[in-house]
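The structure follows.
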Amino acid sequence: MRLSRLRSALPQLLALALVLGVNAILFPSFFDLSFRNDRLYGPLIDVLNRGAPVMLLAIGMTLVIATKGVDLSVGATMAISGAVAATLTVAGVPIPLVILAALGVGLLCGLWNGILVAVLDIQPIIATLILMVAGRGIAQLVTSGFIVTFNDPVLFFIGSGSLLGLPMPVVIALAMAVLVVLLVRRTALGLLIEATGINRRAAALAGVDAKAVLIAAYMTSGLCAAVAGLIAAADIRGADANNAGLWLELDAILAVVIGGTSLMGGRFSIPLALVGALIIQAMNTGILLSGFPPEMNLILKAVLIALILVLQSPAMGRLTALLAAGRARETGTAAPAAAGSRKV
Amino acid sequence: MPHDLLALRELTKTFAGMTALDGVDLTLRAGEIHALLGENGAGKSTLIKTLTGVYRRDGGRILLDGAEIHPADSRQAQALGIGTVYQEVNLLPNLSVAENLFLGRQPTRFGLTDGRAMRRRTAELLRAYGLAVDPAAALGQLSVAVQQLVAIIRAVDVSGKVLILDEPTASLDAAEVEMLFAAMRTLRDRGLAIVFVTHFLDQVFAVCDRATVLRNGRLVGERVIAETSRMDIVTMMLGRELGEAVHERAPARAAAGEPRVAFRRFGRRRSVEPFDLEIRPGEAVGVAGLLGSGRTETARLVFGADRADTGEAFVDGKPVRLANPRAAIRAGFGYCPEERKVEGIVGDLSVRENIVLALQARRGWARPLRMREQVRIADRFVEALDIRTTDIEKPIRLLSGGNQQKAILARWLATEPRFLILDEPTRGIDVGAHAEIVRLIERLCEDGMAMLVISSELDEITTYAGRVRVLRDRRHLGDLTGEDVSPGAIMRTIAGAGVEGTHR
Amino acid sequence: MNARFLPLLVTIAVFAVAFALSAVQFPAMLSTRVVANLLTDNAFLGIVAVGMTFVILSGGIDLSVGSVIAFTGVFLAVTIRDGQHPYPMILAILVIAALFGALMGAMIHYLETPPFIVTLAGMFLARGGCYLLTTESVPIDHPAFDALKGIFWRIPGGGRLTFVAMVMLAVFALGMLVAHKTRFGTYVYALGGDRTSAELMGVPVARVTIGIYALSSLLAGVAGVVFALYTSSGYSLATVGVELDAIAAVVIGGTLLTGGVGFVAGTFVGILISGLIQTYIVFDGTLSSWWTKIAIGILLFAFITLQRGLTKRTGLAAAT
Amino acid sequence: QDGMVVGFSQVGSESGWRAAETAVTRQEAEKRGIDLKFADAQQKQENQIKAIRSFVAQGVDAILLAPVVATGWDDVLEEAKEAEIPVILLDRNIETSDDDLYLTAVTSDQVHEGKVAGDYLVGQVGSKPCNVVELQGTTGSSPAIARKKGFEEAIAGHDNVKLTRSQTGDFTRTKGKEVMESFIKAENGGKDICAVYAHNDDMAVGAIQAIKEAGLKPGSDIMVVSIDAVPDIFAAMAAGEANATVELTPNMAGPAFDALEAYKKDGTEPKKWIQTESKLYTQADDPKAVMESKKGLGY
């Protein structure tokens, strides 16, 4: 069971290894790690640290995609939560309240999306597109369009502090991942989400409260986006309503899909979505370190994604299986298929 | 003289570690109807899909008219003159009836498809089969039975040499089945070879010339129908003798006590006219009627899947609101829907998860069933209902059709319902399991469950139902009880004779 | 009428009502100039949206179109600057675009990978291709090119039906023909309805998938040419995010993102609706940057809920 | 005169500077009693063209255009000209075959901005060797191209000043910080970097944080030079963490309205290019005071 799960994660892990390997070729000291300012320091840590927001988004996005939906509004939600946090901090509101407000706003955004999708039955992409467009406007409304800088040690710590040798954003993202994984796997939520995503009609007839499940998924996504927004704001010590989280929804969806969760809903894996997020960030960091001219960034990304696609494709899996079987036949050992037939 | 039209030799197919077909031979002659028989999971559907190239075969040869063929997909098989109706209705619900019938071979004019000609020819075809359906209607809006008929008409129309029908009669009633048989005989006489998969032995003996029997993916034997007996065939399929007689009439139980569930003037506009219904503990009420008579609608209404707009419902004398399935489940209801593929199975989930789904949904998300408990429940029902699967972790969509049906039944039994609604519970279930399920229904009644069972098989209904509700044109005509619970009386009631006599 | 056309009729009705309301508020909206502008200004978007309709009908998605438009413009601008004649270059880029789409379609089919990632990679590649050609914005200045731009039909009342608007209308007409009157069109619907069933019924899935993405990219190429005519230049940062605008127009037009249900004609109304929202906001002219965004969101929401509500109600009534 | 209706097609609100420009334009219009019709194009040329067309259809008295890109305006400006509506360009010039299509352009010289920044750096380092890393604006955007060009002109011929790394930071703080982190990793923990040149202040602010978090001192260990002069960079300068910035004034509308009013009154043709000043601010210019003075401008 354990082993089979590891085997199903193989394509993603291979892809990550591939990207890291390419990075190490382009930038030899890529794996250098040192201890500085109470924390680990080095390109690998940068990958984790910079990848934290997309990792967070990917956690919620995985659940939404598992319900056969998609959440385009996460970038905008990040902007709103950052804007709210910054504005309240500047206004002198105590920090615990600020954080609660920022997270609450995220939950509210998720609730809105969830109601549109589950109750009003609007297609997820268009339902969340509404908040994607309007949300950034709301964030700018909160900040009046300029970058609100703040000065608060707690928020600074969230952005650039460290715990157990790891940067805070990484710690928060991992904690959130563990929390959500526990939430969906230790309760029946995961099963209900998957059932709803695969066959909503059958699930509803079996007594699954599909509406509540959908709303819960979008609210989790909103919450994750709010945390990511808080981190993004804390990172630059200011809320940039115009650019915070811009286009990150695409990265998050990409991470989830690389992680093997189908956009048609159903079976999902949060850990693999995190691996997906790391693959994307490793690509970005590698490009920055490599010293190629910036005009090449997108081409490099495209080529890498294409490579990952080929590597992960089921067709490729069959091909390797075929080769393996062929080799087995050549060496005279029975092909696994034949062995199987004798057993049954 | 009939010659060997299609021959399968040593056909082998394995799925990840399990052998579904193990060197199977099959010979089809021109101008014969050939039954392909076997238990659920014996490999019938797999054989068909391997033959038409949907699955890549791992070994063996396929000869058509003596020449080896290698269809890579259903399309190429069609081009070779092999038309197929696969087990689940595999048509496109979003296209019109006409488009479904002519997909891939629409008539064209000046390079553009000629919609009018297509609809005209569709109307002709439908008329020939007595279907009053608008050719331009979206297929998904029609009942499963009509969809099944459309699939058959399409396959018949595209097959030039071989017609394959995988359980086509599962959702048809007697009249439609007769019509289908008439068409099959005509085609046979025209020299087609027809493969016919069914679990109804009556039908085998009614139309088939020869039969090939599979068991566990192996060929058991081939028989000429005229020279063999039912028992012989059943024994070949099961590998043992079928214990008891299948159609033994249960002693009519006098249902006693207060009603478990009661519905007063329950109805819904444009669906079913208001009706009264009471079911007592230990009572199984059968529901009979023609296609589209409103049986499925009645079941959905009673389960809260469609909301009733008039009337009230009572459980143990107390009023309940059946606003949605969840409310019904809370009240102790269970419902096995008719459309297994769209409303029953959750395809990518495992057999285990499908079985525990309803129970888990009722407990709520916060009170998960422990893994050990889930496995125990799943194992128990896999054993009790003899669900053939290599592994309870296998995605349910990979199970054979009949075994999927059993798993859905298990899903509801696991919730230990007080009132169970079954819509065509034995559809696609083999003889052995059929007897099991009939026995199961009887046992559940003995244990005091209240049941509403819809079935097109009147023989079956009369076995376990002490009372039969008859429907026509979305109206509940009334109940047949006692000696009137017989296929003949039901047929007469449906047909309109003697209604007055039984209706009270 | 057939129930399948209901969402389309509702969408048209919603647009008509909205246009009437806007015209009451701003009578200038009724001029032929505004109506003609609506067509001209959204011509390139309409053309890609037709391709996107096919992709979405088949149950897929194409994120690369915005970048393909930009690449087409940059390619034309650079080659014409370097002395090539526009017409052969237009032909060349259309062929390139179609091949590019076919390649994506082939990857989607043969590697069995989700269209989302494949076309996202395509989006990066085409945009990166722009940067490789040039990062600057390059004007297009060629008599043959200007000749195309010069074609228009003057409508009474000051409006002009420009060449690009005519191209868009032609593409919509052709799109409807292909969707509803060819085998390919039916195959597209079949794929979106249920891929497995379609395959079992003998739809040539590989060919159709490749064809769909080739068509989408080809139309993105046409849209790129139209955009180049519209702006007389090629710019590598042009039309960022247009794929989302196109998807939104398709979905507003009543096509289901899950595939199999929808109309090319609906997309046309979708384009008009999104154009109307923009025009309305510009006519209003009092909204700040952020209120502009919020207003777009609110109007979008209003349209969608109205459309859904009406479809549901009339749908119930029609079911009698 | 009074009650003139002017349409303003703004690029969007992608940065603090942009928001300030919008705010100042509104203030200037209000001061003069002009009815400003504002249209935000969300960074899309097609939206700007649509907006101008709508302005023409509405019959405004004049149009202000802050073009998102230099090319592709001929046709729509032609339409405005046919309707006899004067168009004034703000903060960026356009490439056109016919200068008569617009009344005047109020812009800075962005190549010059880059050159001012480069000259400052060259002057500061003297003859010492200096490896500079560059944070570019959005790839393909005209300020990024021009500011790079100007800077390279300034350091050309000074062989001790070298551009060793150059990446895009998309004009944002987040990306500026991320790219700078990588540069530091790539250049021997930052020890091989003498200065960072950022195409705008926002990226510079991000870079400053990255430098600090790497344990280095921005402003001394690594010099920071940037462009725009938004308030936050003055705060950094006051703290000694940034060295210089080149001002790009958000008040483009003031001169534009002046020219427009003169033109409307008696047909005075303004100059074709009204160039705004590209003033260099350093730590010596009392950054705190400058910051205060900019507070009211809507940054």
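Each chain gets a letter, A, B, C and D, in the order it is written, and its residues are counted from 1.
Criterion: a contact is a pair of C-beta atoms (placed from the backbone, for glycine too) under 8 Å apart; a residue touches a chain by one contact, two chains touch by 3 or more.
All values derive from a computational prediction rather than experimental measurement.
*Asks:* Which chain is most remote from chain A in terms of Cα centres?
*Replies:* If we average the C-alpha coordinates per chain, B ends up farthest from chain A.
*Asks:* Can you check which chain pair, A-D or A-C, has more C-beta pairs in contact?
*Replies:* Most contacts of the two pairs: A-C.
*Asks:* Return the distance between the CA-based centres of chain A and chain D, expressed in whole Å.
*Replies:* Taking the average C-alpha coordinate of chain A and of chain D, the gap between them is 34 Å.
*Asks:* Any idea how many Å lie between the Cα centroids of chain A and chain C?
*Replies:* 30
*Asks:* Give, as an integer number of Å, the spacing between the C-alpha centres of chain C and chain B.
*Replies:* Inter-chain centre distance comes to 44 Å.
*Asks:* Please report how many Å separate the Cα centroid of chain B from that of chain D, as a whole number.
*Replies:* Centre-to-centre distance between chain B and chain D: 71 Å.
*Asks:* Could you list which residues of chain C touch at least two other chains?
*Replies:* 131, 135, 288-290, 292-293
*Asks:* Please set out, as single numbers or ranges, the residues of chain D touching at least two other chains.
*Replies:* In chain D, residues 13, 19, 22, 139 touch at least two other chains, as defined above.
*Asks:* Among the residues of chain B, which are close enough to touch at least two other chains?
*Replies:* Nothing qualifies.
*Asks:* Which chains touch which?
*Replies:* A-B, A-C, A-D, B-C, C-D
*Asks:* Please output the residues of chain A touching chain B within their complex, sorted ascending.
*Replies:* Residue list for chain A touching chain B: 186-189, 191-192, 194-195, 198-199, 201-209, 213, 266-267, 336-337, 340-341, 344.
*Asks:* Going by the contact rule at the top, pick out the chain A residues touching chain D in the complex.
*Replies:* 27, 29, 36-37, 42-43, 46, 50, 140, 144-147, 149, 160, 232, 235-238, 240, 242-244, 246, 284-285, 288-289, 291, 293-295, 297
*Asks:* So in the complex, the part of chain B that touches chain A is made up of which residues?
*Replies:* The touching residues are 12, 14, 17-19, 22, 58, 216-217, 303, 305, 324-326, 329, 335, 337, 342-349, 353, 357-358, 360-369, 411.
*Asks:* Can you tell me which positions in chain B touch chain C when the two form their complex?
*Replies:* Listed in rising order, the residues are 54, 73-75, 78, 84, 86, 90-95, 99-100, 103-104, 106, 108, 111-113, 115, 136-138, 141, 154, 158, 270.
*Asks:* Would you mind writing out the residues of chain A in touch with chain C in their complex?
*Replies:* Within the complex, chain A touches chain C at residues 68, 72, 116, 120-127, 129-131, 133-141, 145, 250, 253-254, 257-258, 262-263, 295-303, 305-306, 309-310, 312-316.
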